[in-house]
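Listed after this line are the structures, all set down as structure tokens.
Shared chain: subunit A. Partners: subunit B in the first complex, subunit C in the second.
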Partner chain A sequence: MPRLDSPGLFSLTPKILADFAAEGILSVEDFLLAHNPNLDESRTEARKQAVVDILGYIDRQSCGFRTSARMLQEIEARGERYLPTGCESLDKLLEGGLREGTVTELVGGSSSGKTQVCMQVAASVAYRCRAMVGFVDTCHSFSATRLSHMLGGLVGGRDAVQRRVGAADEIGDAMKSIMHYSIFDIFPMLSFLNQLHTTLSVQVQSMEEKVMRLLIVDCASSVISPILGGIPGHALMVSMGIILKKLALENHLAVLITNHTVGGEGGHPKPALGETWKAMPSVRLLLARDFSSNLCHATVMKHTSMACNRHAAFQITRTGLRPVF
Partner chain B sequence: MEVEEWVMGHETAQNMLRRIGPRTTGLAPLVPALQRIVNLHGRHVVEVAGASGSAKSEFLLQAAVKCLLPKQGYDGWDGGVLWFDLDGHFDVLRLVRLLQAHIHQEARRRYEEGNEEEDEMEDGEQVLETCMERFFYTRCYSSLEFISALKSSRNHLLRAQTCGKGFRILVIDSIAAFYWLDRSAPFKGGAGNPSLSLQGAMQAVVRELKELRKLSQPTGLLVMASKCNIYSSNFSDTNDWASGLRKDNRQVDSAHEKDSRRSGLQQREFMPAVWQEFITHRLLLQSKVADGTETLFSAEWLRPALLNVDEFTINDTGFMLTNR
Partner chain C sequence: MDVLTLALPPSQRSKLLAAGFHTTAALVSVTPFQLSQEANITLEEATVVLKLVPRSDIDHVGALSLSGPLTGSTTAWDLLIHEKNRRKIGTGSTEVDKILGGGVLSKELTEICGVPGVGKTQFSMQLAVNVQIPAEFGGVGGHAIYIDTEGSFMMERVLQITEAVIDDLRNKSPASAEDLTVEDFLSHIYLLRVHDPVEQLAVVNTLPTLLDEHKEVRLVVFDSVTFNFRQDFEDMAGRTRLLANMAQKLMAVAENYDVAIVLVNQVTHKVTSEGSRTVPALGESWSHVCTNRLMVYWMDGQRYAHLAKSPSLPVGTAPYVITEEGVRDAQESHKRPKLVEPHG
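Right after this comes the complex of A and B.
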């Protein structure tokens, strides 16, 4: 928050500023936190005007209030959509796919199919929605070869010889719109996400250029869990949660993150990162893989607007995820 | 003359009751599970505690819907709602669905009673529109943004009051969203210069809320806040600040002792004393998975402490109490 003299308010004369400074109010932050009850019923007219102006400045800076009627209009104008996951059973489970403006979390143990789902969603959004996809890779699990196989499955035809004319171009085009970032640490992660938020906020939409509509962080927990423990670690975790939510809500991205599991009470695996993180995602899906039948099960653990504990199943094949009903 | 008397301040209890009574009593219960608390009104502060996924936000939304709906025919509060979304989980489509469900239910009931049908549909659309215009929403990403939003909501409050339809409920979802951020803020300054610590931020929040409540006299402003669980049962705090706080409170507040004893470590209290003294009611929500896909929730009043535990499920129109 800026110093009191920096917004350039005319009513804040040097004398008034000195007055405020004498009370320990040097910045807008101090003004907000000050517990001086007679701040509002001030002594002089000039000071009253100064308080009104600062309140006006605060009002302009905050994102303001909207009525729900206007929010609904905005959603309709924007055409907020569900992004297809590329697997019909998952789409059915989520009633359409990943929703723009929300954070979805995949939870599962090692090799439960988290990365496979992430790559399938990336392929599906890049190919079907013709949108940019950001893929943040924190544990070297991304594979471009695998992605091209999945795109091949979406375009149709198992091998190059079976494909129709132009399919290769379509695959190449989709591959080009998936941006891959390797980040292994919390601080580069936070700066990347903040930078992305700034870039997307100032971006002017043009007809030719594709817009980013999906951000994947695979795996989010592996940059957070090393710093957990103690207050600063938790604060960093919350910061990351907030910037992810900001990207979803302000930039209208669908955000997909993954989380690993740790041993909970009685040895049962539970999602990592604890109670505070649990409140972060809007949707949480639990993935579990049955190796004997090669079936992956997805269960809704948390959903802010739908019933939980519903299941869906799919198989991981060479050309992507195959739904099993 | 009447005005002069009123400005002078002193009045008998009977006069006061006559003046504000109709505005605070006889209000419909907001949520079926809330029925156990007889009369929630504008001077109360309700905290809805519970782990993630225990239907806290849903509870607040149900209350908001009841508040938005008109008194005539829908048994609502006919008032505005100020919604501070600190968690980013608010879904406007869900609000619309809930409002529509309530309006449809009412229309069907009237139809079954044999009243005319065609007018009702138009009426429903109008009611929905009015309700949607009365719901004010803002989103905050830090405590400072939250305090700024509280400060700037004064203007909205006063504007709405001059239009005659004031705000009746202020919702905060969830109050503990920035707990870790505020706790990690460096402590600077002495007693005269509050810094952005958890204590300082909560003091400012409570002060602003009291100010807003004062501005919305005579109806007052019912504050409803959800509080998400921060600690899992086995988390140990490094400097044991929260447990020290708990001990202090136990001496002051015997109702509080019951809170922590009954719910165990799962619900240990972590908010600063200034917030805890501010709240007047506390409801604990928990979720249990019942057979199949049905999720069963339980609601228990911790303050004032009631022995009954209500169990309910959630459907399209709201909370359904299950009797077991």
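Right after this comes the complex of A and C.
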């Protein structure tokens, strides 16, 4: 909640503000907690006007309600889409891919294929949707060489690059629209996400320029786990969750984050970051890799609009993720 | 943006909140003097606080272009060009180099884990020597920082390895290897002996300063990262947090100073319903830290290196041997006696 002086209300003269401060009312929040309509009867006209103005200011903050029909229209008008993951079996599992406006989380143990899925999605969205992709790398796992191989696979393999004129340019073009950020700490991360939110909110969209439609944070848990344990750490984790959700909802991004696993009861791995974080992503996919057959399995653990516990399989090959049905 | 999310000491943060400053937007139009008065902090502190307010809050115009305020971004295209020119440190065995994509890479954390005696320290010492192979021989030509926590760094052994490397280089090109001396090689390995977890964390915190002073350093070895963290820890969650913190700092160092970081890890037994198996120590969370994970193990009397985790390379296995000269290819050792015999 803002401080009382920040909305710039004319009736809040320095004298009135000082009166409020003397009562311990510094912010709009304090005002709401302390406000008692009966007490205002005996006050001066200026004070009454100030109270009316503050209440008016609070009313204006309300965004009003929308009906589902209206929201559906908005979604259609915007053309909200599913972004292809670049792996048909995963697209089928998610009924089209990553949905714009939602946060999708990949959970899995070490080397279960989380980063591979992230890079494949980045390649697929940059190439097929011709969109900008933000890739926030917190654990040094992004490899441009690997990404170029995956793009090669999407374009049609090594032969296509040699045979088809322009194929190499298409790869280069897609590579140039993937923005990579190295962030290793929670505070720079929060400040980055907030800035991205502001930037995307004020950005004027032009037809020529590519729009950012996908944000990947690989891996979200590695900046959070060092600060967990204690109230400040918990608050920071929730802040990060809120800003990720905001980016998805208000900037219509598909947000893809990864989370690692920790040993749970009976030695069975469970997603890190605990119960609070569980509410954060709208979709949660569990990845597991079977080393004997080199197959990766993705399982829907949580989904806001689909049944859970369905599976999909894929293999990690040189040119990207190969679906296995 | 919430004031909670600014990197401030808790005392200042609570003073700001008590004075009603809940969002950074509220801080935009305040002068340092006003802030120090209202929030009851010193003028210096107020100046620091105001510097933390994001620019996009202050001036919306500055936020218009994506590249403007979001500094620190690189396109994948630029990274690709950079990755192609990246320096690699050979392990001494071409087979092991092959599964690692040419060797240990700068800007990455590479973990080597295995049972005692399989050659983890040998790998570490070999890398500390190999990082100094000059650029004209396809090497990196840098210095090494060796952080020894177990007391396993053996000077005599490093001398042996160094002599073998220099001999090798002289055989390749006697003219250009003329100036290489054992003394030079040995004086460019900076050894730090660490005795307890606090010292280890302190070393990690001071690494940036150390690297500022020694700009030639291209490799930092932790042998082992595990030892100090395996005993006397009652609060296991606390240990995980300390390790995660250390890992994030090491990643930042690797990125900012363009060094390769090698972390030696021990193994432990994990008992499951199917029986027990050896797994890398330090638990699940730690296994997410390293960029590459190289498992070294014995099988049928032969040493093997297995790349278990890498974001860019497929899983692979290569045999290797440890000879008097250091880490070498397995085949080479079989061949060597045959080559020597005709002369003898």
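Throughout what follows, the second predicted complex is superposed on the first by the 279 of 325 C-alpha atoms of A that agree within 3 Å, B and C clash if a C-alpha of one lies under 4 Å from a C-alpha of the other, contacts with A are read in each partner's own complex, and residues count from 1 in each chain.
One rule holds in what follows: a residue touches a chain if its C-beta (ideal position, glycine included) is under 8 Å from a C-beta of that chain, and two chains touch if they have at least 3 such contacts.
None of the values given here were measured: they were computed from a predicted structure.
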| item | value |
| --- | --- |
| Clash or fit, subunit B versus subunit C on superposed subunit A | fit |
| Subunit B versus subunit C as contact partner of A:Thr13, first or second or both or neither | neither |
| Residues of subunit A touched, compared between subunit B and subunit C (which is higher) | C |
| Which superposed partner A:Leu4 touches (first subunit B, second subunit C, both, neither) | second |
| Vertex subunit A angle, Cα centres of subunit C and subunit B, expressed to the nearest 10 degrees | 130 |
| First, second, both or neither for A:Ser225, with subunit B first and subunit C second | second |
| First (subunit B), second (subunit C), both or neither touched by A:Thr299 | neither |
| First, second, both or neither for A:Gln315, with subunit B first and subunit C second | neither |
| Touching partner for A:Gln49 - first (subunit B), second (subunit C), both, neither | neither |
| First (subunit B), second (subunit C), both or neither touched by A:Lys176 | second |
| First (subunit B), second (subunit C), both or neither touched by A:Leu147 | second |
| Three-chain overlay, closest Cα atoms of subunit B and subunit C, distance in Å | 5 |
| Common interface positions of subunit A, toward subunit B and toward subunit C | 1, 29-30, 232, 235, 239 |
| Subunit B partner contacts - residues on subunit A that touch it in the complex | 1, 24, 29-30, 32-35, 55, 58-59, 61-69, 71-72, 75, 230-232, 234-235, 237-239, 242, 245-246, 248-249, 274-276, 278-279, 282, 301-302, 304-305, 307-310 |
| Sites on subunit B touched by subunit A in the complex | 51-53, 57, 82, 87-89, 91-96, 129, 132-142, 144-145, 147-149, 151-153, 155-156, 174, 177-181, 183-184, 189, 192-196, 200-201, 203-204, 207, 228-232, 235, 238, 289, 292-295, 314 |
| In the complex, subunit C residues that touch subunit A | 1-2, 4-7, 10, 19-23, 25-26, 29, 54-57, 60, 63-64, 66, 68-70, 72-77, 79-80, 82-84, 107-109, 237-238, 240-241, 244-245, 247-249, 251-252, 254-255, 270-272, 283-285, 287-289, 291, 293, 308-309, 311-312, 314-315 |
| In the complex, subunit A residues that touch subunit C | 1-4, 6, 26-27, 29-30, 109-111, 115-116, 119, 122, 132, 134-135, 138-148, 172, 175-185, 187, 190-192, 194-196, 198-199, 202-204, 212, 219, 221-223, 225-229, 232, 235-236, 239, 260-263, 267, 269, 272, 291, 294, 316, 318 |
